[in-house]
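Two complexes are shown next, each including subunit A; its partner changes from subunit B in the first to subunit C in the second.
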Partner chain A sequence: MTTYAVEVVYRGIFQKSLSRNICRSIVLASRLEGKIGTAFGRYGDSPERNGIPAKYFAVVADDAVELEEVLAQYEPTQVDVSIVVDDTLCKGVESWAWYGLQPINALTKPNGTVIVTSYQDPEQLKEDIHAKDQPYDLAIVKGSKSFSGLWVYKDDHTDVRVLGALAKVCPDMVGLDSYKEAIIQQWEDQRKVTSAERAHGRVHVTPVEPGEGNPEEPFTFDMPGWHDMEEALVIPAVKPGGGFRGGEGGFEPVRSAVFKKFSTRTMRPVVNFETCTKCTLCWLQCPDSCFDVTPETLYDANMEACCGCGVCEDVCPVPDCITMVNEEAFTDNASQYEHWKRDRDGYMNWLDEKIALSKTEVREHGFHHVGQYEEQSQTAEVGNDD
Partner chain B sequence: MTTETPTQPLETEELISGSEAIARACALADVDVITAYPIRPYDTVMQFVSKLIANGELKCEYIVAESEHSQFEIVKHASAVGARVFTGSSGVGWFYAFEVLAVTCGLRIPMVAMVGNRALDDPGAFGCEHNDALAVRDLGWMLNWAATAQDCIDTALLAWRVAEDPRVFLPCAISTDGAFLTHSQQIVQVPDKSLVDRFLPPYDRGKFQLHPDNPITIAPQVNEDWLMEIRRQTDAAMRRARDVITEAHEDFKRIFGRGGDPFLEEYMTDDADVVLIGMGSLTLPLKVTVRRLREKGHKVGFIRVKWFRPFPGPELLESLSRFKAVGVIDRDYSLGSPLNGGVLFNEVRSIMYSAEKRVPIVGFIAGLGGREITIPVTKEMFEVTQKAAEKGEAGQEIHWVGVRE
Partner chain C sequence: MTTTQDLIPLKGVKQSPVEELFTSGHRTCQGCESALVMKLMIKAAGPRTIVLGSTGCMYVANTTYYSTPWVVPWMHTQLGSSGSAALGTAAGLKALMSKGKLKDEPINVIAFCGDGGGADMGLSAISATLTHNEYNLLILMYDNESYANTDIQVSGSSPWGANSTFSPPGTLHRIMNRRWKKNTAGMLAVGHPQARYIATGCASYATDMMNKVRKALSIGGPTFMHTLDPCPKGWDYDPMYSHELGMLAVQTGIWVQYEVEDGKVTLNGPSKMLAKGKKRLPVEEYLKRQGRFAHFTKEDIAYFQSQIDEMWEKWWIPGVIPPGIADG
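Take a look at the complex of A and B:
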């Protein structure tokens, strides 16, 4: 009597088909081994807002009776494998479906595995992933934040590459041969089988010790009981804002301490305070009121409030004054303005590095850098040997 | 040497959600007219119906109306001219069609609708709650509840068979728990059309069919001289539905080899002292808990109510009289009702008034707004019911289980 559970954490709505493909394939492959399963999305923010962290699950059991326990659940309480198909989610996720910031490995069982599709190395990812009391493995499938399966986006085989890695880290749930057969049944594409096999051979697994990882204490939210809750569905208004960092000058709005939304972000703005003309457009146009106004009326994008939409970069009239940079280049939400005040030269060097990084990327959805698809299809797992 | 005759498999196994299962039932039943208006979780069925039409697997008139009111109006009229119809909604979308829902029964329209059970939009709430479907419980709608994705396809086929029986001609709503059935993919046996054709005859409205060759008027003005007789006729049809449901289930079992008893699904009740009763997908965690408690020697069982209208009164009366205590789980509420209990609780209590022995009946409210009915919650309900059995009385309290105090 064994039940296995797998979660796929993804960016709604862009990666929903990818996640669905992974979870369905797990269940279909498990059938080939005489097991039975279910695949379902976390019923929460649906229709899924752009980029919001979302989850899909697959549960596999030995028989139908054993499976009953999970058939009327929103999500399993623990999973054998957590699959992360966008490495910026490693910083933790906040969603409509749960409250507070959930570490990416929150549901991962002791000695379970977190599989991440990423170009980062394990040490870099461990800076993002919250420390856990129990050991687990971190497995990396080299790859991008794939949009595979979304309308016209190219199939970069991320779905089957993840399955190949899964067969490696959790072979008792479903074996590689069954995945290969399920892949043929669904897609009739031998190249996808090859991709799965290669990912199985190439997946990189690193053990993570208890206490190792991001030490940050994620924010949480206590929900009141019905005796304490305000009646008539009334919640108090947010208080008016005040001076910057509680001082006299500038302005900082009051924000919710328990609902922050920043885990939706896949890119963030970096600000050049020295070329800023104080035109106010970024502050005015930001849909999330994320800019704090400093005493000298500069605008500091608050990373606890920024969803990464990029409107500020669009409306900023000064070249390179506000630049959107891939979120994986950052490890914390610290204030850029405070960094600049503390160490102007250091900040400007840091800023140049980040801007340079963004210039090497093409903002093509689903691909991390120019030519990535070709690179992957020829040198990585995808494609025929000939 | 023997030669094997190749045979077409009569069922194929697929990994599909309850909503997709119902869409597949539409194709198998060769539905003529489908109307839709999006509201989650019902809207999932729209996606799959559209896909079947686009793939050429379902040929029907598919009309996306401008509101639920029109949506239900259109199928009402289509059914009157002899079309097999399917529609559905959820939560307050269902309520927006209420005027049509009410008159459909008197007109004896065998409309089949899916209700993706949803809370009543206490701002935006979209989790599962049964008050949407239950709101029509007094009007002449037949109501049933599915427990699994397999149940969804099976129950839909049964719904057309019963609703379109000339002895009945009443609308039927299939309740499918939002999220747990509408959004979860399970392994489902999808029958071949040849099997379905053996089970489900074509819809024949006979002398009630609106057609130039059959000049009739439907729905003339009704006043105090006529309405009681009309209601009495609808009442008689609902009473006749009981036998038709039983017949249909027997045929279903014979043809598809699945099903069980028509009105109740009893689980490990044979020697049980204490049972819980409920509807829909909560059946699954309840079965798990029954097994676990039995491993520890507790004589417990579970009864799923499959049809709520017509209400399985005689069946429940006979079944429940043998237990020491009964707990009724409502994924609904009926504020200000007798004992402030849920809808199912009050109905079960009412039918047990004619029992020779007074069995203690405990009321539970659980899983509102889609709150998960977890294993610990089901255990708590068994404990409370067990105590009622020991005391020999249930008291006046209605137990809200899983609410934050």
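Take a look at the complex of A and C:
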């Protein structure tokens, strides 16, 4: 009598097909071993939005009765393995209003495993992942975030590499040979089998002690009960904003208290306040109204509200004035404008460092042009990036 | 007697009001252009405005689980009822003011709907509302070319050939959506000659769009606006390029920006230049950057181009009224 549950935490839409492939393959492979399983997306994540954290589950059991028993609950409350297909999710996820920031290992069982696809080393990831009072293992599959879209899938073998690693950390659920067979059944591609085997051999596992990790308390809210709500489902409006940081000049909108959205971000804008021409375009074109207007009409991207879409970089007419940088290079949501005001030289050095970093990376935010994924997968397959 | 608010046209982006009346904390996609339409719409309309929203992304994503990004009063209404909600609200305000129960002042009424809620389900209510000249209101249709909230099903506003949950390209039939996009604003302008203002816009041209909202709210009577909103989820592209794709839609001539004021049509901005003979960008520039057209062959692109060419070369007014009177 054993059941296993696996969750895949992913970026909405961008990694929907990827996480579905992973969970579906787990179920198909489990059936090859005479077990039974089911894969499903978390109902509450639908409708999914680009970038907003979402979950997919796979549950494997010895027989149908046992499976039904597990599925009597809405979704697994504990999982043997949490799979994280974008390492910036390690900072925690906020899926909905009132939901708060959930640690990435919230559902991981004691002595379970968190698998992360990342180029970061375990020590760096542990700075982001919130501390837990039970031990667990951190397994790293080396690789970049694999983003595609709703219609075109980027087949860079991330799906099968995760399966290979899963066979290593949780061999009792499904063994590597069954995954290999399930891969052939689905894709008829021997190279994908090779990628899975390589990932199985190369996955790097580090034990994490109780209390080890990010010590911060993630923010939470108390959801109002029906008796606290106003009649006719009236929701209090957001208050009008006022001057920048409560002063006379500029403008700072009052922001939603219960949904911040920053955990949607995989890249963040960094702003050069010295080359800014005050053209207003970043502020005006930001769909999330995330820019605070300073008294000297500079625009400070509010890092609690920015979801990292990158429109500001695209509309900015000044080269390198707004640059999108990988979120993993940052540890807090502090105001860049305040940093610049406090220490201009220090800020400019910090900025140069971040911009230099952005030049070394390829943006992974989905479809750019027809044929792009084929070009990329020529170089990416069979784990060449190890 | 209530009149409309005096909303002065903006002379450029730098005159945009600094206040945000649609603030952060909505659960839309990264780079959501429809959220930008909401933000610009209410920025242009100002604080003395009531907003009514029919079901769609801009309802579900914005106001989830007892939260809201709206600073102004906002109310949800059913999918097909943006027209009725706008009319009822405008009439209610008028009645309350004439009875002295509300201070007599001009209050803007805006009802928004998506293309599913407007071009498909709500068309009859919008049409009826546009004939009620005694009420001041604006119906804004934000068009992301699909039922985007429920994960991209075809609407009457989806473009020919686009991939969607209802029209996945197959091996036998590559083109599954064989319907051409409905000309909603043109149809409403031609069909409701008494409505004083019907316009199209795009948030990539923010000042133009905001000024159209201002004109629609200040001219008096029921008015209609149709915006084209690039949708990173359904169109399948990097969210960073929302603004660029909006511009490309206009520059390729696929989306025509115009206003019909008291029966007179004016093409605006780049569309005006295209009508004057400026070269249109090839539609391929627009199509090849979206995953929903990734299955297009050269022939499909050529067909798409031929339809756009015909609109610009043969139509009576490009994007508004198709070829004129039959020969003989």
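Quick note on the criterion: the second predicted complex is superposed on the first by the 342 of 386 C-alpha atoms of A that agree within 3 Å, B and C clash if a C-alpha of one lies under 4 Å from a C-alpha of the other, contacts with A are read in each partner's own complex, and residues count from 1 in each chain.
Simple rule for what comes next: contacts are C-beta pairs under 8 Å (C-beta built on N, C-alpha and C of every residue); 3 or more make two chains touch, one makes a residue touch a chain.
These figures come from a predicted structure and were not determined experimentally.
In the superposition on chain A, contact is made by A:224 with both subunit B and subunit C.
Applying the stated contact rule after C-alpha superposition, one finds that A:27 touches subunit B and leaves subunit C untouched.
Of the two partner chains placed around the shared chain by superposition, neither subunit B nor subunit C is touched by A:9. Judged by the touch definition given at the top, the superposed model places A:36 against subunit B, while subunit C stays out of reach. Note on subunit A: of its two partners subunit C and subunit B, the one contacting more of its residues is C. After overlaying the two complexes on the shared chain, residue contacts for A:68 are found with subunit B alone; subunit C is out of touch. Of the two partner chains placed by the overlay, neither subunit B nor subunit C lies in contact with A:301.
In the superposed model, A:313 lies in contact with subunit C only, and not with subunit B. Looking at subunit A, you'll find residues 46, 223-224, 233 touch subunit B in one structure and subunit C in the other.
Across the complex, subunit A meets subunit B through its residues 24, 27-28, 31, 36-41, 43, 46, 64-65, 68-69, 71-74, 223-227, 233. By the touch criterion stated above, subunit A contacts subunit C in their complex at residues 12-13, 46-52, 96-99, 148-152, 223-224, 229, 233, 235-241, 250-251, 253-261, 264, 279-281, 284-290, 293, 302, 305, 307-311, 313-315, 324, 363, 365-370. Taken together, the subunit B residues at the contact with subunit A in this complex read 13, 15, 17, 40-41, 122-123, 127, 148, 177-180, 183-187, 281-285, 287-288, 291, 370, 372-375, 403-405. Touching subunit A in their complex are the following residues of subunit C: 13-14, 16, 18-33, 35-36, 39-40, 47, 57, 60-61, 63-74, 149-152, 163, 203, 206, 232-234, 236-244, 288-294, 296.
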